[in-house]
Amino acid sequence: MSGPDLLLTALALLAAASGLLAVTGSRVVHCALWLVVSLGALAGVYLVLGAEVVALVQLLVYVGAVVVLVIFALMLTRAPVEPSDRLDAPKGQKLAAVVAGISVGGILAGTLIYALQDLTVKVQGEQGSARNIGRAVFSGWLLPFELLSVLLLAALVAAIAVSRHLPAEKRPGQSLTEDGGVQ
Amino acid sequence: MLTDITGTLTGVPRIDAVALLPVIAPVVALLLVLLIDAVRPVKPLLNLVTLAGLLTAAGGVAYLALEGTERSTACSIGVVVGTAGLSGPSPLPESLSPSDVGFGCSYLVSDLTLTGQAIVLVAAIGCLLLALDGPGAEDRTAHHTLLLATVAGATALAGARDLATLTVALETATLPAIGLIALRRDAQGAQAAVTLLLTAIASLGLLLLGIGLLFLATGSLYLSRIADVLASDPDEKVLVVAVAGAMFALAGIGFKISLVPFHQWTPDTYAGAPLPVAALLSTVSKAAGLTAAAVLLGIGLPALHDAWAPLIGVLAALTMTAGNLVALRQQVAVRLLAWSTVAQAGWVVLPLAASGTTRDGVREAVAASLGYLLAYVVAGLAVFAVVVLVARHHRAGEEHTLEAYRGLARTEPVASAVLAFALACLAGLPPGVMGLIAKVVALRPVVDAQLWPLAVVAALNVALALAYYLRWTALLLATTDQATPRWRLRPAEGIVLGGAAAGCVGLSIGAGTIAGLLPDLLR
Amino acid sequence: MSWLLPALVLVPFAGALVLPGLPDRFAVRAGVGVALVTLALAVLATYETGTTGFGRMQLEVRTDWVPALGLQAHLGMDGVSAPLVLLTGLLSVLVCLYLTRVGPDRNLVACVLAVTGGSLATFTALDLLLFFIAFETVLIPMWLVIRIWGDTTQPGGTATRNDAASRFVLYTATGSALMLLGIILVIARTGTSDLTELIERGGAGMSVTTQTVAAGLIVLGLAVKTPMWPLHTWLPPAHTIAPTAGSVLLAGILLKLGTYGLVRVAVPVLPAGLQNVAPWLGGFAVVGIVWAGLACLTERDLKRLVALSSVAHMGFVLLGVASMTPTGLQGALYANIAHGVVSALLFFVVGALKDRHHSADLSVLGPGLRDRLPRLGWLLTLGAVAGLGLPGLAVFWGELLAIAGAWQSSALGALDRPYAVIAAVGTAIAAAYWLRVLRLIWQGTPPADQAGLPDATHHETVVVLPLVVATVVLGLLPGPLLSTTAGVVRLLLPGGGVVP
Amino acid sequence: MIHLLGPAVLAAALAGIGVYGILARRNAVLVLIGAELLLNAANVLLVTASALPAGGLAGLEHSQTYHDPLIPGQVMTIFVITVAAAEIGLGLAIVLLLFRARGTVELTAVRELGEASPRHTETPS
Amino acid sequence: MTESAAILSIVLPAASAMLGLLMGRDWARDWAVLGSLGALVAAIAELVLVGTDGPVTAFGFLGRAQLGGTTIDLALRSDQLSAAVAVLVALVAFCVQIYSTAYLAGEGTPDAPTRYPAYAATVSLFTAAMMLVVHSADLVLLLIGWEVMGLASYLLVGHHSERASARAAAAKAFLVTRVGDIGVVLAVVVLIAGAGTTSISDLNRAATENEIGHGTVLTAGLLLLAGVVGKSAQFPLHIWLPDAMEGPTPVSALIHAATMVAAGVFLMARLLPLYLTVPGALQTGAVLASISMVGAALAALAQTDLKRLLAYSTISQVAYMLGAVCVASDRELGSGDPTALAAPGVLHLLSHGAFKALLFLAAGCIVHIVGSTALADMGGLWRTHRSLAVLFGIGLLGLAGIPPFGGFWSKEAVLSAADEAAHAGTWVGWTVLVAGVLTIVLTGLYAGRAWAIVAMGRDPVLPAVGDAETEEPHENPHGHSQVPVAMMLPLYLLAIPTVAFGLVLLTPFDLLHGVEIQPGTAITGALLALSGVGWAVSAPRLGTPDIAVALPVRARALLENAFYFDAVIRALVVRPVLGLARTVQMLERDVVDAYVRAVRPTTEIAGTVLRRTQTGLATGYAVWVLVGAVVLTVAGMVLV
């Protein structure tokens, strides 16, 4: 159990625990915050595995943007700040969720444990450096990169179109005026 | 064989623009639409630009098909090796040949690609025309943008030959569609969008886990590379991980074709979404799903045939039977159509269950699937066209039940003739010869591989499906007392109706196109 | 003369497409015209085939349709299909003629022509897949005939009518879907779907198990259409509900598709397979004969009774085919034509009676028909007597030869003699139920209230006359029809039918 | 030298937790949180896989020393993160739309499209 | 020339039947009479021509049917046997047609129409069918004639279809003969399979040269015997003949006396060479004949209805003919055509045809006078209608076999044949001889009884001929006092052969050398017959004209109902079949069809269950997706 292994296990435990709390918490804001902790821990894990850029992107995009968005969404949907039991699905659904969660996790863990049994590997620090990632993205993965830009554009246009403000009592099939103004 | 357009950026591979035309055209159109919307949003202009984008893409496909040579682009062969002066982190030992290190091409224009793209574009043009005047088209710009994005994703998916492009293309084909569903901003649309969104995200998670496992096992994302690694009888560990990865990936794609365990979003989303978008989902999105499955399983994982073929057989049987059984009980037209597409998904995927290990076996199976898909898409478009027309003229709008079709043959002989003919095609009974030939094409590999239980289930499902298709046709010819108003047929809808009907008749007479796709190797 | 068969097939289809456009009155007359042209073409084709010999396939025409599947639009005619083509042409003309006076409806005539076209295509198709497509083309028009023009006065009104129609089409569709599996298996194993080629091979290139599986599936599909005993429950309701024109088509032409398929596809292409299936086929056929006979003994509805008697008749045809001997096969083909003529005659008469009494129930049709409606009475008697297989009328020859074939059949193994005896007993049961019919409605004193009904009109007599003549001529002069099928039967059977 | 088993198990655990998160929650936004976790699990798996030398598990017996210059694992992770961002963006937009349309984001309350809902079960006339 | 005569004898009546039916009421009578006359002339011509330029073995009639290996040649043949029987048939048919013109004159009452055109046409059809049977050289062609006769008999028995008993009798007649005909059909099938031909001459030749397997010939023989028993109303298939008396009397005369019932014997005679190779079949025939002979005669004794008495008498007499043919295997014959061995049977056939037709037609006249067929209503004919009584007497004498009447000669021929067979030491010969002798006594008895009741009987039923119409004939409202000429003429015509049949023995027919009358049996036979008649005629002195009264009451009822055999058959066959039919109908509805009907509800239930999984909850769907993925993976792993 070398130094990085120790660090990895620590970060892994932190990520898993905070993830679990994020998912089972009864206070909405706490869930969001635990999510931040979990994603942060993951960034750490990436660093240990030598993926610098990925760690940075993780921090930047996930922790920075995504979680903030989630918190905004929670606030906009006036989610109850105080602990409420209405967050979890009804009994049957929860049971199914547990079963599904355990089975997905279990089968993945089983396969991976079977495959990676005591496999140790020397981490190449600078494999994940910006230079290599840059060259890789712009040589081998140019097409997905370009496609990604189309995806982002489409997602944003969709988000904007969908969230254009809604007239007070919206009846399905009611047509908006050209500029989408409120009647 | 790379054509050279950029060359300025060091190390950036020359992208073969012609090969990528079917993907680039919709994107360019998309940008133009946004530009026009910013400058002066004039409805006919927007329609025109979108249509032009799709037609150029179709032209590109036609050109590539006629040219006949196989083009591959966005490849990373020789980039790192060939670029002088660039020192990679660890320069590749000269002894290694490119194929050793996991290189390959992200995008390949082969018969499979062109057929997939052709089907997608035909369906997209149909859906666009339906959406021009149909419900949910008020917000013209957003609608067209999202539609073009979906088409770009679907066409890219057909050509994707590595898992990264496959994933991104799949998401590009799904996310805008979710946007389209929610575009009408009403409660129905929102719920439908949420349903599809959650299913899509869960499936994306599964797909990515699958890709992670496959990457762990084979060390590369290129499908050709994965196929080679798995073909050279890897050891037990690699095989187990690869199979797990393959299954997760297949599950991830399942929702798009609406195979049984992953189909539950279909009826709710079709009912909630505007009709043209439902048409889009049932044709473009399903075509994209099938091409993804064909690419992933046919090109990437033929070696694991023993794992996925029987399972696809089971899924196909379950999908057919469940789809037909529930469809029998449906009264609302669009829900019946949703369940009918679920049942047809079973038929589309049926040949894959009998692909056999030989390269030729897989090719024939994929060819059969694509053949059936083509027949299904054309017939589906015709049915949707008529349903949209009825929705527009019926007081219950999109929620109209089958009763709205009672006695339609009296007032609208042409439209009901097209609907009856299309339903006969979907049922696979003459006069719908196209459907019959498609069913023969689909059943041939299954019978050839002697999968008797599957073949018998499929045969029984012919009758089950026939039950509700005939019930619908019978309503058309029934006599009714209330007078249905004459229809005012808009040009766009006329084109779709005529085009789809011509397609059905054409494919019935020239049924060779259904049976003879993918003549040479599956690449 | 290679244009002849395509024309024969396409003329009725063209008629079917054009007629809905025309006004009712004119359309029905045009329908008769088209049917007459088809009949003329059929006669010409038969004559041509006859001159150059019924033994081999004549007037062949062949073009590629779906090369990838090996499907060719390949038509031809020989001794087996010639009589059936003639019968189809004749019945089509008679039905159209009948419709000119009784409920003229352009769509109904269009459906009749579509059914005629589909049947003619099936009888002349020489490609397995083309045979299948033509076999299925007949389904939708027949379904329409029952569904739209069916009789809604039955208890349960439109619900029973719709149920009968959907039961007919779904039962047959399931059967033919299973048959499709068999056909695809044959094509997959032999590599060709061309019937002439497959007949020459006589099942070579296919292992016995494959042949048995394929034969099982194909026979199952065709048995539903014939109908064979356990799979026959769609026929009685279909007949009770169908209008007269529909019943004549159903009994006269559609049932022949199944048996023709057996003789053309199952026997020559899968001889070894059919050898294994034959005892079962023979068994079900024989049970069918006795079962349907007994069911008729207590049947109240006359149309249902005639339908059940059709099941018994087709039992003989199936027995003939199952015997796989030249005598048996010729008996089967003969019984096929005879049943077509006799059941068409019966359904016309029963239809006329039902139109007059507004019900087909034996008690309503009432006793004393011989005095009230003498002409219809005599026609019914002739039909009944022919139905029970009186020697001297058409059906007898079919039954005699089928029983003779079964008696000396090697394919039926040890069961050949018992089957023949049971089938012979079946003829006695046929006599019992037909005499019961005559006793209940033909004899006896006519009730007072039904005095005013008109006897068979001149028009109805003219429609039925050819059938009467055919029944008698086929009964007294079996020579010509038997010699037509003799040549081909020797070809179809493995080793030319070694059993004498 | 690190054991790859640690991050692998982490990926599995996170996947399980993510799945639980998606299915057990009633509030749509929290469901999206679960989804994020599931996607992150996939990312962890990809990054751990990219730590292996070229050729992945299959390449081990060739005892390669160098790493695949195209670093597919990490590049894929970056793409996934971006896709996740796009998904969450659109997801939240739709959730907000649902909130504005129906005043609640509890999925159990918005089940109008199901087969059991009154809209679609009126008996056929 | 003989061919054309034979063909004419068939075609003429057929044509008259066709035209009679189509032309309608007024022409019918002329066509019918003309047709039968034509047939008679053709038959006589054929008889003469056969005599002069010899028999013609086979000439084409309905072409040739080619099937598989064998070909069925539907040809005719004409020889002495066929010519003789043809003449008999034509003669009786002609007489019946003339008789019927008067018997069924007029329209009849609305609820009992005479339907004369249909009647006349069917009789002509029958004649044509019988001619076809007589002349056919091929078993299948014979079967056609055989069954068309059955159909004609069905139509004629059911002629007065307004009476329920007539309808039942007609159906029974056709069905019982049809059951017999299953045997004939199967025999044809066996012969097609075994011998490869159905031509009678070929079969006889092949059988004698035993080219066909013995088993095949035996089965064919027995099966044909079944047909014969059915058609000739022998035990056990005799139940239909007494009921067939429901038909008009001339029909009974023609069909149920002279021709149809004799067709069975004719067939046996035709196929005698074949039967000689399988004595087993002949023995069974002999046994059945003996039982029928005695049983029917006993039953005739106790009948209370004149026509049923004559019907049972016919069964007994036909049994006589059958017995004569069946003993043929035990008699040796010098040279010549083996069919000559059947001569005694054929001889009796011819004579019986004449006098039985005479009796029936006379009975018809009596019924015409008295108005009912019951013996109780009859009596005193001798005084009221002397000529009719005389003719009736001649018929009875012929029947009883009193010399010198025709019946005596033919009956003696049969007895001497039986005697010769008995002396050859076979048990068959003895049974037939004993039965024959017993029957002669019984026949004498019931003939005498008939005479006693009808002719002598008590006071005249009707005023004597020529009396004024003053006194209303008591108690027979619908009788007629006068018998029209057209009905009397045929009686005279038929009386001639009844009396003069003995002369036939002298004619140079080569068939006859199979016949030799032994003086011993002849004399004993005559004495027995005379004693029988005498005893019956002496009954009136005992106070009642009916000798049967002497029988104990229960025995009389037993005999009258012919040993209740009819009820036995009804219980053993008819009721179970109807029961089976009901169960089949029930099974059809509840079992075979149930599976088909069950499909709809099962799909509906399945559909509803599956629909319920569509809850509308998005995360609910996600559960299916994820669990589905896991199951898929596990299955994948297991498969690899």
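A few notes on this one:
Letters A, B, C, D and E name the chains as they come in the text, with residue numbers starting at 1 for each one.
What we mean here is this: a residue touches a chain if its C-beta (ideal position, glycine included) is under 8 Å from a C-beta of that chain, and two chains touch if they have at least 3 such contacts.
What you see is a predicted model; the values in this text were computed from it and never measured.
Looking at the partners of chain D and chain E together, the chains they share are A, B. Of all chains, the one whose mean C-alpha position sits at the greatest distance from that of chain B is E. Distance from the centre of chain A peaks at E, each centre being the average of the chain's Cα atoms. Across A-B and A-D, the chain pair carrying more C-beta contacts is A-D.
Centre-to-centre spacing of chain C and chain E amounts to 37 Å, using the average Cα coordinate of each chain. With centres taken as mean Cα positions, chain C sits 69 Å from chain A. Chain geometry summary: the mean Cα position of chain B and that of chain D are 23 Å apart. Centroid to centroid, with C-alpha atoms defining each point, chain B and chain C lie 45 Å apart. Touching two or more other chains at once are residues 76, 80, 88-89, 103, 164, 167-168, 171, 175, 178-179, 182, 185-189, 191, 193-195, 197-198, 202, 209, 213, 216-217, 237-238, 240-241, 244, 267-268, 326, 467 of chain B. Residue positions of chain E with contacts to 2 or more other chains are 611, 614, 616-620, 622-623, 626-627, 629, 633.
Touching of two or more other chains is recorded for residues 171 of chain C. Chains that are in contact with each other form these pairs: A-B, A-D, A-E, B-C, B-D, B-E, C-E, D-E. Residues of chain D that touch chain B in their complex: 11, 15, 18-19, 22, 28, 31-32, 35, 38-39, 41-43, 45-46, 48-50, 52-59, 61, 65-70, 72-73, 75-76, 79-80, 83, 86-87, 90-91, 93-95, 97-98, 101-102, 107, 110-115, 119-120, 122-125.
Interface residues of chain B, counted against chain D in their complex, comprise 76, 80, 88-90, 92-93, 101-103, 163-164, 167-168, 171, 175, 178-179, 182, 185-195, 197-198, 200-202, 204-205, 208-209, 211-213, 215-221, 229, 234-235, 237-238, 241, 267-269, 271-272, 326, 331-332, 335, 399, 401-403. Those residues of chain A that touch chain E in the shared complex are 89, 93, 96-97, 99-100, 103-104, 107. By the touch rule above, chain B contacts chain E in their complex via residues 191, 194-195, 197-199, 202-203, 206, 239-240, 243-244, 246-248, 250-252, 254-255, 260-262, 264-265, 267-268, 304, 306-308, 310-311, 314, 322, 325-329, 464, 467. Listing the residues of chain A that touch chain B in their complex gives 107-108, 111-112, 114-115, 124, 126-127, 129, 132, 135, 138-144, 147-148, 150-151, 153-155, 157-162, 164, 166, 170-173, 175-176, 178, 180.
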